[in-house]
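Pasting the structures here.
One chain, chain A, appears in both complexes that follow, with chain B as partner in the first and chain C in the second.
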Partner chain A sequence: MLRGTVINIVLAGLLLIVFFFGCNVGQYRMSIGKVFETLFGGGDESSRLALFEYRLPRLCLAILVGLGMGMSGVVMQDLLHNDLASPGTLGVSAGSGLLVTVYVALLQTNNSSAILLPVLALLGGLGSAGLIFLLGTSRKKRLQPTRLIMTGVAMSSAYGAVGTFMMLLLDDSQLEFLQRWQAGELWGVRWDYIVVFAIWILLFGFMTYRGGRTLNVINVGYDIARGLGVNVGRQFIYLSLCAVALSSASVAFGGNFFFLGLIGPHIARRLVGTDARVLLPASGIVAGIIVLLADMLVQGWTFLANIPTGIVISVLSVPYFLYLLMKA
Partner chain B sequence: MENSIVTRDLSIGYDGTIIVPSLNSEIHRGKITSIIGANGCGKSTVLKAVGRIIKSESGCIIINDTDIKTLKNKEIAKQMAILPQSPTAPGTLTCRELVAYGRFPYQKGFGKLSKEDKEIIDWALEVTNMIEFRDREIACLSGGQRQRVWIAMALAQQTGIILLDEPTTYLDLAHQLEVLELLKHLNEGQHTTIVMVLHDLNLASRYSDYLLAMYDGKIDRYGEPKDVMTKEMLAHCFRIDGDIVTDSRSGKPMCLSFDLIDNRFDVALAKDDRG
Partner chain C sequence: MREKLRRRERKLYNGTKFVICMSVGCGLLLIFMIGFMYFGAEKISFADLWNGLFHFDEGNFNHVVVRDMRLPRLLADIMVGVSLSVAGAVMQGNTKNPMADSGIMGISSGSIFAVVFMMIFLPDASRLERIGYSCLGAGISTMMIYLVAFIGKKGITPERMVLSGMAISTLFSSITSGIVLKEGLTSEMLKYTAGSSANAIWMDVSVSAPFFLAGFALALMISRSLTVMNLGDDVSKGLGANTAIIKLSSTLVVLVLSAIAVIIIGPVGYVGLMVPHIVRHFVGTDYRLVLPSCAVLGALFVVVVDLIARIMIAPLEFPVGILITMIGVPFFIFVSRRQRGDAFGG
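For the complex of A and B:
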């Protein structure tokens, strides 16, 4: 616990450092000194514009997406006793995404309200989580994690099919938005979005963290948890709701970052172990650092200029993930 | 308060089928009771229902003179611990972390361990002889050590009653004895009421004060080993023709030589011979 807390503080420090370097990267070059000067009220007009209008919101968004997906992945893995569970693999992200794209693409709006988006994503995520429950459990039988996961995987491809079908109905600009969203692009770069997003992550992050102790014993086994006095059914639903809320907001503002909910918990687990009370923040921070780094590559390297961040993350994560699987 | 656990007209089922129709039983306080019976007779089901891992369909379970329906989950967990059959934990968990989970029912908020919690955890590791492995990961333990660390977790729960579902599965003879000696030691030292499901009849007879033999979801007989461990019981509950002798070490009855009654394979072979 103590060791985990120390590692978390180090990770948070690392996140801050990457964050400051991130301020430095972009088409308009700025020295670290100038970044600091501008951050604390100084600086000239152009550096203020670059920093406050473009870079800071983008960096904040990147961190928030990481926090949401990273924590959500931990909860799903612990609840289902499977390291391959994540908002992406279970189709929860796809469900969120479907509703958001239906709304954005079909209603042709680019100035939707900041509240509506996460709510739509949440509804989509809850809808798909509910469907997984409905189809993956039965009243007479006990909870079977594998069955839930397989149901999620199946549903996920169904959403993919619906999404592809919808693409046929769209015009070019809508199509481009949809394609970029699916590849994972940080598109919600607006301060009003970010404020809502931050409050959302803070609220549900805290609610999840409160259940950390329960998550620990559920992760050991449903029967063990029952023996220790946990109402497993009720806590399962409470924690699932938290996880869906966290991932949905990330999907709503960030886009589809499939690998983040898988790779964040994985790396964090190796660093801090299984205690959810240190694993939750660690996974969120690690995922945040990954999004920041990937986005810096996209912003700073003209070669990658127009590539969605999610693709960069996948390209970087897949080899690492395969390496982990081979070692396991 | 002579009985720790009483069940009244307890009916239990899985997936909609009733396995145990109506169970009336009384488990003596401060004693070791083993539930024995053939595969599928419902012995594990009863243990799980009493440990409320599965819901019972009807009837009531009374522990320490209180119907558990009137108790909160955590209150029950302070009075009764249950160890399911071959539990699994995330391999990277250390022994101490796992044993600390036994304090769950007593904790509040974010679950920082109090000084008392820590003392109890160390005590539990000490009695189970696991203190030297406290920082070792569960994945790096042998089968016997793993079973002891689970028992330590149940001990950290500080309950008067411990239920165990086949605590000796997958262990060799010496480690089976070690686990049972540990339970006997706890029973004698702490007056813990121990109820377990055991497959090995001779070990059950040797280590239990009472045996509860089940057949087809019902109690076939219940009492001291000398009254339960009989030729008739073996024949009725297990379809076994066995010879009961007295164990020279423990003075308890044991089944020495045994055979299947109506060996179907013999009959099949005989038919083959004729053909």
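For the complex of A and C:
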């Protein structure tokens, strides 16, 4: 626990360092000194514009998306006792995505009020989680995590098909927006979105963190948890709700980052162990660092310019996933 | 002795079912083929249909529709249906994985990557070259999927195959969409990924046909060995089967057939899962019976679905790939619910 806390603090420090480096990456060149100066109130107009209007929102968004996905992944993996569970593999993010796609397609718009998108994504995510749970389990048999994941993979492709059909009805600019969003682009780069997002993540992050002890017990085994007096059914629903809420908001503002919710918890588990109380923040921070680094690559390397961040994350994290699969 | 008799009885029974399945399938296929040619956005009389096929007149618009639009598309659909379902059946036999399918397993993602790569970097390539590259892409992704699933303590299990397929296809599809977005080809790409045989021309049919026939023939040739292989590697080795050669040739069949399907219709999953399952329900597990039945029913399935896709919202068209996915996903979930718990290792 103590070791975990220390590592968490170190990770948070690392996140800050990467964040500062992130401030220096972009098309408009600024010296590190100037970045510092601008951050703390100084600087000229153009550097303030570059920093506060373009870079900072993007960086904050990247961190928040990472936090949401990372924590959500931990909860799902612990609840299902399976290392391959995540918002992406269970089809929860695809469900969130579908509702956002339908909304964009029906209203023919690509900007909307800040609170509506996460709520829509939450509804989609909850509906999809419920559906997958309904289809992937049966009353007679025990809960089988692998079956849930298989169902999730299949349902994602169904959502994808419906989404593709909706997209065929769109004109080119909306289409491009949706394609980018599906590939995972940090698009909600507006301060009002970020404020809503931050409050959302804080709220549900806190609620999830409160369930950390329960999560530890459930992770040992459903029967043991029941024996220790945990109301497994109720806690399961409560924690899944939190996890879906966290991932939905990330999907709504950041797009579909398929592997993030899987990789974050894995790396974090290697660093801090399996205690959910230290694992939750660590996983969020690790995922945040991954998004930040991927985004810096996109911003700083002209070869990758204009490519959605999610693609960079996928290309970077698939090899790691395959490595995990080979070792498992 | 009684056991032997019963087995013999059962064999006969399956044989009868096979004949029934084939004749009903062929009959329905014929009916729907005529229906496919007859119905459509353009009203065409039976006389025109007949004359367009057998007394072709270039000046007659209806004849052109019949001969150069509907007929190649029909043949393309048949080829896709046969390819996907035979490839699925062979894959399921080869990997002993009841959930195997070239689309679900991510084999087609490699072909799609190759096709998109060619669309952008080698736009002048001929159809033949396209098929070659598409096969190459499918080959690379298959190798990666098998390799990842193979390395490790547990070896190849159905679950690991699906997951490694999912990961590899995510890798390929994200690189593909990266290229597409960078080059600004989103709408063309979208039409392609939705899956449709609307643009099939005679060229596609004639270029793919030899490969298709070769792949199908190879599949029939190894069908007996596949049945033996399904008994388990040890048993089949004991019976004198050369497992390595059979595995290699069945992988080749899967590659060629799924690459052809990708070239003609785009990424379409689930056909290779559904059709063999239904077929096995009727004719049992003898691949000598399974593969021909798969071919007939697969062709029937794709022709029917494409017909529905064409007339559902005429004069517009519903993308057939999406329709197939919408039918396939419930089926997949149904099958995975019926699997015994240990089938996924979970």
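Keep in mind that, in the parts below, the second predicted complex is superposed on the first by the 319 of 328 C-alpha atoms of A that agree within 3 Å, B and C clash if a C-alpha of one lies under 4 Å from a C-alpha of the other, contacts with A are read in each partner's own complex, and residues count from 1 in each chain.
Heads up, the rule we're going with is that a contact is a pair of C-beta atoms (placed from the backbone, for glycine too) under 8 Å apart; a residue touches a chain by one contact, two chains touch by 3 or more.
Model, not experiment: these values are computed from the prediction.
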Consider chain A as the common anchor and indicate whether chain B and chain C clash or fit when overlaid. fit
In the superposed model, which partner reaches more residues of chain A, chain B or chain C? C
For A:277, select first, second, both or neither according to whether it touches chain B, chain C, the two together, or no partner. first
When the two structures are overlaid on chain A, which partner does A:197 contact: first (chain B), second (chain C), both, or neither? neither
Partner chain in contact with A:103 - chain B first, chain C second, else both or neither: neither
Looking at A:253, would you say it contacts chain B, chain C, both, or neither? Reply first, second, both or neither. neither
Would you sort A:307 into first (chain B), second (chain C), both or neither based on which partner it touches? second
Touching A:223, do we find chain B (first), chain C (second), both, or neither? first
Between chain B (first) and chain C (second), which does A:236 come into contact with in this model arrangement: first, second, both, or neither? neither
To be precise, I mean the smallest distance between any C-alpha of chain B and any C-alpha of chain C in the superposed model; what is it in Å? 11
Both partners, chain B and chain C, contact chain A at residues 141
Partner chain C, residues of chain A touching it in the complex: 82, 84, 89, 135-136, 138, 141, 144-147, 150-151, 153-155, 157-158, 160-162, 164-165, 167-168, 172, 175-176, 179-180, 182-183, 258-259, 306-308, 310-311, 314-315, 318, 321-322, 325-328
Touching residues (chain side chain C, partner chain A) in the complex: 99, 104, 148-149, 151-152, 154, 159-160, 162-164, 166-168, 170-171, 174-175, 177-178, 180-182, 184, 186-187, 190-191, 193-194, 269, 318-319, 321-322, 325-326, 329, 332-333, 336-337, 339, 341, 344-346
Give the list of chain A residues in touch with chain B in this complex. 140-142, 209-210, 212-213, 216-217, 219-221, 223-224, 226-231, 269, 273-275, 277
The answer for chain B against chain A in the complex is residues 15-16, 48, 51-54, 72-78, 81-84, 87-90, 92-93, 97-98, 101-102, 104-105, 107, 110-111, 157
